[in-house]
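Next up: some structures, all given as structure tokens.
Both complexes below contain chain A, partnered by chain B and then by chain C.
And then the complex of A and B:
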């Protein structure tokens, strides 16, 4: 009797536990290529040794997921189906900052790794020495691993001048990130979200859908995300709150409300600029991510190896994945500057 | 006639000294390179975190200051000089990192040796004033700042002009010497009222040209360069526990007022 009772509990407990977890938790996403390579402990040809991608994705990813699940339970947040929604949900909530950070770090990392394929040629990993600092940059026209899709190539050339110029801008932007961060190729729409919602745009857009005219390169740092339009205006709101509080206090005390004279040359504050600046309000679509953080290259390339690592990343970009992420291009008959 | 010209030109040559930035020699560097730091680094890990990284920083600093007044100045002066220059931020990065990294490695020694040193009574007194009743309490607060930070950076114990001490976090290449480049705030995601207030204080201090007399007395790096070789990508926590056990308190005590 006693024995069966114990058996029962032991058997039942894990099932119940699993069911609860399945509803309210995330698991590490499956990146097909990495799973395949990891089974045979193979290197990621031309970019990472086995130990490095194992640490970068399987170990770090697992840690981020674990922390995230714990935080979700702790803060009683019901997780949406995908990370993107979780990021939007938490991006402007300071009390959920840790959840936001973990989910965006994970999203950025996954986006980067999913855009990669193995290089055609093998690269022998070695700790590079200080001679790397003096290596002249390669100024010849880029020929290895360029996109094949003519329409995409055309859009890249229209936005950056040429594929070579695009490559230089992308890799140099990544090189300029000193701490943690990601460099992105993004598609940028012509008008902001807020103007889409207002009546004016009916003139230009019948469908009220953003039209993508331009490709750009941008950097995000630490847990930053590409499309952070939802969080804009936070500082402005806090400033307004503070002003209102101050006025209330002064009225209570019966003191005169001090007005700051606004001269004609008044430049405005950063908060005001952020609030009114329409760029941050645009629905930007990420196409390609290059993770420039130190952990990606310190182990296989050494502290002097960032340039080499970035060159190798270029050779491993899976352009067919990037092309799938492309929104339809809109070519305007005329442009309003 | 000739001799006078020669002597004048010699004097001017002496005045225009050329110089390069090099890796400073640590007290026990040769021993550490051979045996590592007991309880913290393998020989390879020590070489990567100190020698290789410091070489990377100082070489880049040399290239960026070549032919300028920064050429013969120590990193400390360069970082103060470039902190407010928008176009000098690359130089600032290498100067600030070189200085911070040196500050940290000066404090480190073998665990067995470090265990014999203790924070001075004066330092413990200042910590008590700041609300840390004993050194363990302070350690937990200090290390958790580093552990909970996202990305790269530094955590410092700093002394203010009024001799009080506090913990200061500097994200990325931030420096404890100037409030405008502390880089304590990471405004990704939600911004709370505390952060907003801190941002306003920095702005006000900047517009009123407030001077900063803050000095670091203890500094720990949580840059990947300082642990990835020995502790792995996920090894920050383990590294922080180890590095605490290898602090030579005699060095830290010496940075404070000696009574």
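And then the complex of A and C:
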């Protein structure tokens, strides 16, 4: 019964970003597994207790949707069908910031929950104590809930070294998030959007479509979105503003530090290099989300339970959904970074 | 009582005193020394002076001997005095670990301890410690704990400790990278890194020095040029003379 259910969901999953629109407002999308569990008031086996997923999805999701609808009316925005479109429409408009953050939080939450299945083994929920800090890391190779698709496994190994290394990177990234945030497995194209638009890459890339060469892990914080091509330039602007502000303040105080002129020998800082490399305007496709926010584990696992929660999330990842989300892999004979 | 110079005979003398009744009770060390008597006379006797004073004046070597030779001064049987080398497995593990992980040396380490017994506050049934950062020493101590408290042999214990260390180090590095990124996203600006700041501080002095150095260099060059001009004149005259001669 459950199995066929999952299969149904998988078929629809690739176009999963729909928060259903009725006339000019959104309603909470339907996640079949959660709906079914909620009817029988069952626990999400191996990950959440009934009250937790009820709070996480049904209550919080409902609240986000309500707020979003109110804001849309208030700001007289005509909502598009697709939540993704709404995000890219509002991301660069400060006056619509609340609409943006509500829609992106909703998108992230939905994406995370849709990528989960029930674990094979039950887990007894308990508030873990401070002994968790001293827990010795498991040094064995990952054996539970590994993806079955050979092509996908191969791509993972090519990008991260091995499945174990991938799991380690994913869970470490999630564990390191201090506040609200999500860790993503994403597919990264070889070239940026802007270079696709300027015809330069037409030499190598006839269709002018981004080609996906490697998988990577990234974090977003609060209501952040994965896709670089729509958020590109935001951080750069922010940094420029901050720097200008700093200089103005120093001028006022008369404590301005003499800037050394950039000569031709100037190598640039690590930050600058990182900046141009990491935020490089690429159309990134999300494949798997791991929500590492406190609200996800505080109720069932306690303050010290983050590691255990993340281990459990790994056991609940529905790899068949992730495989459905995969773009076609492009294996280049040579790479241009 | 005559002052006794021969410390090695202390046992004989004490037993004689006991026999004669001069000492009534056996000293506490008596049995111990009797069981483990000193196997050699540890007192050093200035032999040659004794010899020379009682030697037959006819057989005496030419001139009086006033000091001992190097050979005679050299400590004989110095193995008895040498402090034995202390050997620990921990040291070998430390050597091995730091040889394989040389970059671990580049991490700063606090060597000051208040009581000198910080290690006793650690519980090595786990790798993470409250009062000690993760480093090579953690691997050594954890290996020793595993060796004593689990069925693993030395190599297995070391590998277990080492891989636990790798996992924790990866986690630690990710923590710092993410908090940096996180604060960047919340608006933090890192105008200069620590290294860059150092270079900037240094640059102020380098600039001053550059001006000074330029002056001195021009001055030195000027003197050097005038000197070469003089010497050129001198060589020229020699050559001219030579030419004249050859002609």
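Just so we're on the same page, the second predicted complex is superposed on the first by the 266 of 337 C-alpha atoms of A that agree within 3 Å, B and C clash if a C-alpha of one lies under 4 Å from a C-alpha of the other, contacts with A are read in each partner's own complex, and residues count from 1 in each chain.
In the analysis below, a contact is a pair of C-beta atoms (placed from the backbone, for glycine too) under 8 Å apart; a residue touches a chain by one contact, two chains touch by 3 or more.
What you see is a predicted model; the values in this text were computed from it and never measured.
Colleague: Go through the superposed model and pick first if A:90 touches only chain B, second if only chain C, both, or neither.
Modeller: The first partner, chain B, only.
Colleague: Once the shared chain is lined up, is A:151 touching chain B (first), chain C (second), both, or neither of them?
Modeller: neither
Colleague: Please indicate which partner A:135 is in contact with in the superposed arrangement: first for chain B, second for chain C, both, or neither.
Modeller: Second partner only, chain C.
Colleague: Going by the contact rule set out at the top, does A:178 touch chain B (first), chain C (second), both, or neither?
Modeller: In the superposition, A:178 contacts both chain B and chain C.
Colleague: Regarding the shared-chain residue A:168, is it in contact with chain B (first), chain C (second), both, or neither?
Modeller: second
Colleague: Thinking of the overlay built on chain A, is A:56 touched by chain B (first), by chain C (second), by both, or by neither?
Modeller: A:56 contacts chain B only, not chain C.
Colleague: Just chain B (first), just chain C (second), both, or neither: which does A:247 touch?
Modeller: neither
Colleague: Does chain B (first) or chain C (second) touch A:332, or do both, or does neither?
Modeller: Neither partner.
Colleague: Once the structures are superposed on A, label A:219 by its partner contacts, choosing first (chain B), second (chain C), both or neither.
Modeller: second
Colleague: Counting residues of chain A in contact, which comes out ahead: chain B or chain C?
Modeller: B
Colleague: Touching chain B in one complex and chain C in the other: list those residues of chain A.
Modeller: Touching chain B and chain C on chain A: residues 133, 178-179, 221, 224, 235, 238-239, 242.
Colleague: Tell me, which parts of chain C touch chain A in their complex?
Modeller: These residues of chain C touch chain A: 126-128, 160, 163-164, 166-168, 170-171, 174-175, 177-179, 181-182, 184-187, 189-193, 196, 200, 203.
Colleague: For chain B, which residues count as touching chain A in their complex?
Modeller: Where chain B meets chain A, its residues are 48, 52-53, 55-56, 59-60, 63, 93, 150-153, 171-173, 186, 188-193, 195-196, 199, 223-225, 228-229, 232-234.
Colleague: Going by the contact rule at the top, pick out the chain A residues touching chain C in the complex.
Modeller: Those in contact with chain C are residues 133-139, 168-169, 172-173, 175-179, 181, 219, 221, 224, 235, 238-239, 242-243, 246, 260, 269-271.
Colleague: Quick one: in the complex, what on chain A touches chain B?
Modeller: Checking each residue of chain A against chain B gives 55-56, 59-60, 63, 90-97, 100-101, 104-105, 130, 133, 178-180, 221-224, 231, 234-235, 238-239, 242, 293-295, 298-299, 302-304.
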